[in-house]
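Think of it as A, B, C, D, E, F, G, H, I, J, K and L in the order they're written, each chain with its own count starting at 1.
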Amino acid sequence: MSDHVYKKIEITGSSTESSDQAVRNAIAKASTTIKNMDWFEVVESRGEIKSGKVAFWQVTIKLGFRLQD
Amino acid sequence: MSDHVYKKIEITGSSTESSDQAVRNAIAKASTTIKNMDWFEVVESRGEIKSGKVAFWQVTIKLGFRLQD
Amino acid sequence: MSDHVYKKIEITGSSTESSDQAVRNAIAKASTTIKNMDWFEVVESRGEIKSGKVAFWQVTIKLGFRLQD
Amino acid sequence: MSDHVYKKIEITGSSTESSDQAVRNAIAKASTTIKNMDWFEVVESRGEIKSGKVAFWQVTIKLGFRLQD
Amino acid sequence: MSDHVYKKIEITGSSTESSDQAVRNAIAKASTTIKNMDWFEVVESRGEIKSGKVAFWQVTIKLGFRLQD
Amino acid sequence: MSDHVYKKIEITGSSTESSDQAVRNAIAKASTTIKNMDWFEVVESRGEIKSGKVAFWQVTIKLGFRLQD
Amino acid sequence: MSDHVYKKIEITGSSTESSDQAVRNAIAKASTTIKNMDWFEVVESRGEIKSGKVAFWQVTIKLGFRLQD
Amino acid sequence: MSDHVYKKIEITGSSTESSDQAVRNAIAKASTTIKNMDWFEVVESRGEIKSGKVAFWQVTIKLGFRLQD
Amino acid sequence: MSDHVYKKIEITGSSTESSDQAVRNAIAKASTTIKNMDWFEVVESRGEIKSGKVAFWQVTIKLGFRLQD
Amino acid sequence: MSDHVYKKIEITGSSTESSDQAVRNAIAKASTTIKNMDWFEVVESRGEIKSGKVAFWQVTIKLGFRLQD
Amino acid sequence: MSDHVYKKIEITGSSTESSDQAVRNAIAKASTTIKNMDWFEVVESRGEIKSGKVAFWQVTIKLGFRLQD
Amino acid sequence: MSDHVYKKIEITGSSTESSDQAVRNAIAKASTTIKNMDWFEVVESRGEIKSGKVAFWQVTIKLGFRLQD
């Protein structure tokens, strides 16, 4: 990290598969509009239950990216 | 909540009337530019005092909305 | 603070000089695109070390600004 | 509070009306099966948004009640 | 806020009516002895239950006021 | 979520396999006695180490379920 | 801790004697109805004052116990 | 607790004997100037070490007392 | 720290210059009425922005001082 | 856990594969120098992003091990 | 405290007797290898239960000691 | 950050000059025995007061360094 300025946004990804995949889905979605993403921090892990089973893993992350100079 | 990705933003509403109304004002303002708002979470409740009385209730919420697929 | 609605965003400034300067750099950068900035709150102070010395001070702030009426 | 032992449970009430009413609804429901309720502590305030308006206030409380001697 | 110094004290107001009114009661009481009160921050919301109903809303706030120059 | 009242309980699942599986085991066990489970929130992730390897993943979740009307 | 599932409940014990005794009283009371209690975690320590002296120590603990297989 | 207003102050007691005694010492000292003390909440427990032994237990409490009507 | 009892108060200093100076201003002001101040703990760092620049650094500290024996 | 004394250290493992694997890598590395490791607690989950994808999962754990008698 | 640099380590002591004694045991053990210990801070209090009784008090502390100049 | 494993330790630096200098002093001291230091995170800022002035700034940081492969 150099003299740049970074912005952090908070997004929630979901996945029927796993908590890690929920993170990957959130980042994949964000990458369609944000450039220069550098890191993420997990801030909340939860999920939806249906018929006594995990239906969706829902993980909220802070996503850090560098602002254009 | 399904396979979608959500974004959370943080906004502060104010009201001369009540803390609940400060939340409603924040959401009303956000609804003029954001679609698909799904939920909010209260993160801070405070206010301004004038002449020994509450002048403004100020409530900060996180606002969750679904990103376009 | 009056009946307005405010938004808070999270940005990280860096500086080779001091932690206060990292805050000033973050605000200077944000001021190129955001109007009506009113206040900031420090949420994280950290830094990068190189050759046993602080190479960069990195301070994350929440930045509050009034939304246009 | 005397030499008694107390239990705390966590319940979430909802209301279309107000955040206070969500608390009252939670307590009213709990009172149908729990005796000797003594106090509550608010632990989370959130809500559901529909069509750009608060559809439900959802408040989670810890509910303290005395165990039978 | 200018070059002044402020003090924050913690007080708990109670009300049979609502959580907002508990805040107003705390401030009204404080205003009888403190001048230059500027803002408050809610730090705890709880209450007393009697006969399965909320008997008192009890809200603790930090109260900020400017010290005399 | 509608006008219903929900209860949250805290349970810890364990698994030799993965942290996600510890969550699934906790929910599977709870589903044998609780109906109408709606969501979970991860509150603690830890584990037991044996012979320098993870022997058990232990994940504590809050489990939310709707109380019967 | 093996492949079992555990539940955590929150109880508050009180004692005129000491904070440790408040914990012991809470556990003694719980042991009359709960089997397989394994551990506790202190989450809050407070007390009641009468005539300028501690009248009751009140300690809230989370109590973990294994669910029947 | 009725319609009264309460103030909370933060004090640190110390004792060579035990952590509970540090709390008692803090309350005993406060009782020389404050009336109507109702409850305390432990907010920090620490201590000083001398020659590899606990020299002083230092416990910080919030002390709640009713303001005169 | 010996057998004494200490009180902690919360004050906010402000400065146009730096965050450290805001702390010094708060302590300088407090020293006009409080004796035996021993230590401070920073609890919040924030500031006011004007014309896209930091107008005031505002730092809230807890101030610990020994009560007269 | 018996009358022993334990030490907790904080280490961060990384993995290109998954968050669980980052934990396993941290423990594998620690096991080359530390004996009697008993448990771990996850304290932070984050990661590095490259080209819009998770490049490294980085998980920080507290690692508890028994000190030699 | 002067111009020195201090290190804080985290250790968990256990005792069959009391929570204070668990702290003393942790410090006694640490004193066999660490010099210049100055203070401790309690960070977690928990315990093991056997046959419905506290079998071990387990208290985790941060231990601060001065590094050799 | 690559596939490496990192350790974080907690140290407190002090300085008569400024809070930033307290951080630099802590790192300078650590660099005499630790190699490969990569980053720091501020976890506590406090200080000692003498004669109504800041005598020492005391800042506690977590210091992250890469373990030898």
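Just so we're on the same page, contacts are C-beta pairs under 8 Å (C-beta built on N, C-alpha and C of every residue); 3 or more make two chains touch, one makes a residue touch a chain.
If you're wondering where the values come from, they're calculated on a predicted model, not measured in any experiment.
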Practice task
Identify which chain pair among I-L, B-C or J-L reproduces the interface of B-D, meaning that over half of its contact pairs, matched by residue number, are the same.
Solution key: I-L
Handout entry: Computed distance of Cα centres, subunit I from subunit H, in Å
Key = 22
Practice task
Return the distance between the CA-based centres of subunit I and subunit K, expressed in whole Å.
Solution key: 30
Exercise for the section: Averaging only over C-alpha atoms, locate the centres of subunit A and subunit F and give their separation in whole Å. Expected result: 22
Handout entry: Distance from subunit L to subunit G - Cα centre to Cα centre, in angstrom
Key = 38
Completion exercise
So subunit F residues touching two or more other chains come to 9, 19, 30, 48
Problem - Pairwise chain contacts under the document criterion - result: A-B, A-C, A-F, A-J, B-C, B-D, B-E, C-I, C-L, D-E, D-F, D-G, E-H, E-I, F-G, F-J, G-H, G-K, H-I, H-K, I-L, J-K, J-L, K-L
Practice task
Note which residues of subunit K are touching subunit L in the complex, please.
Solution key: 1-9, 62, 64, 67
Fill in the blank from the handout: Within the complex, subunit H is touched by subunit G residues 18-19, 44-49, 52-54, 57
Practice task
Enumerate the contact residues on subunit D facing subunit F in the complex.
Solution key: 9-16, 25-26, 29-30, 48, 56, 58, 60
Problem - Residue ranges of subunit K in contact with subunit H within the complex - result: 19-20, 23-24, 27-28, 30-31, 37-42, 63
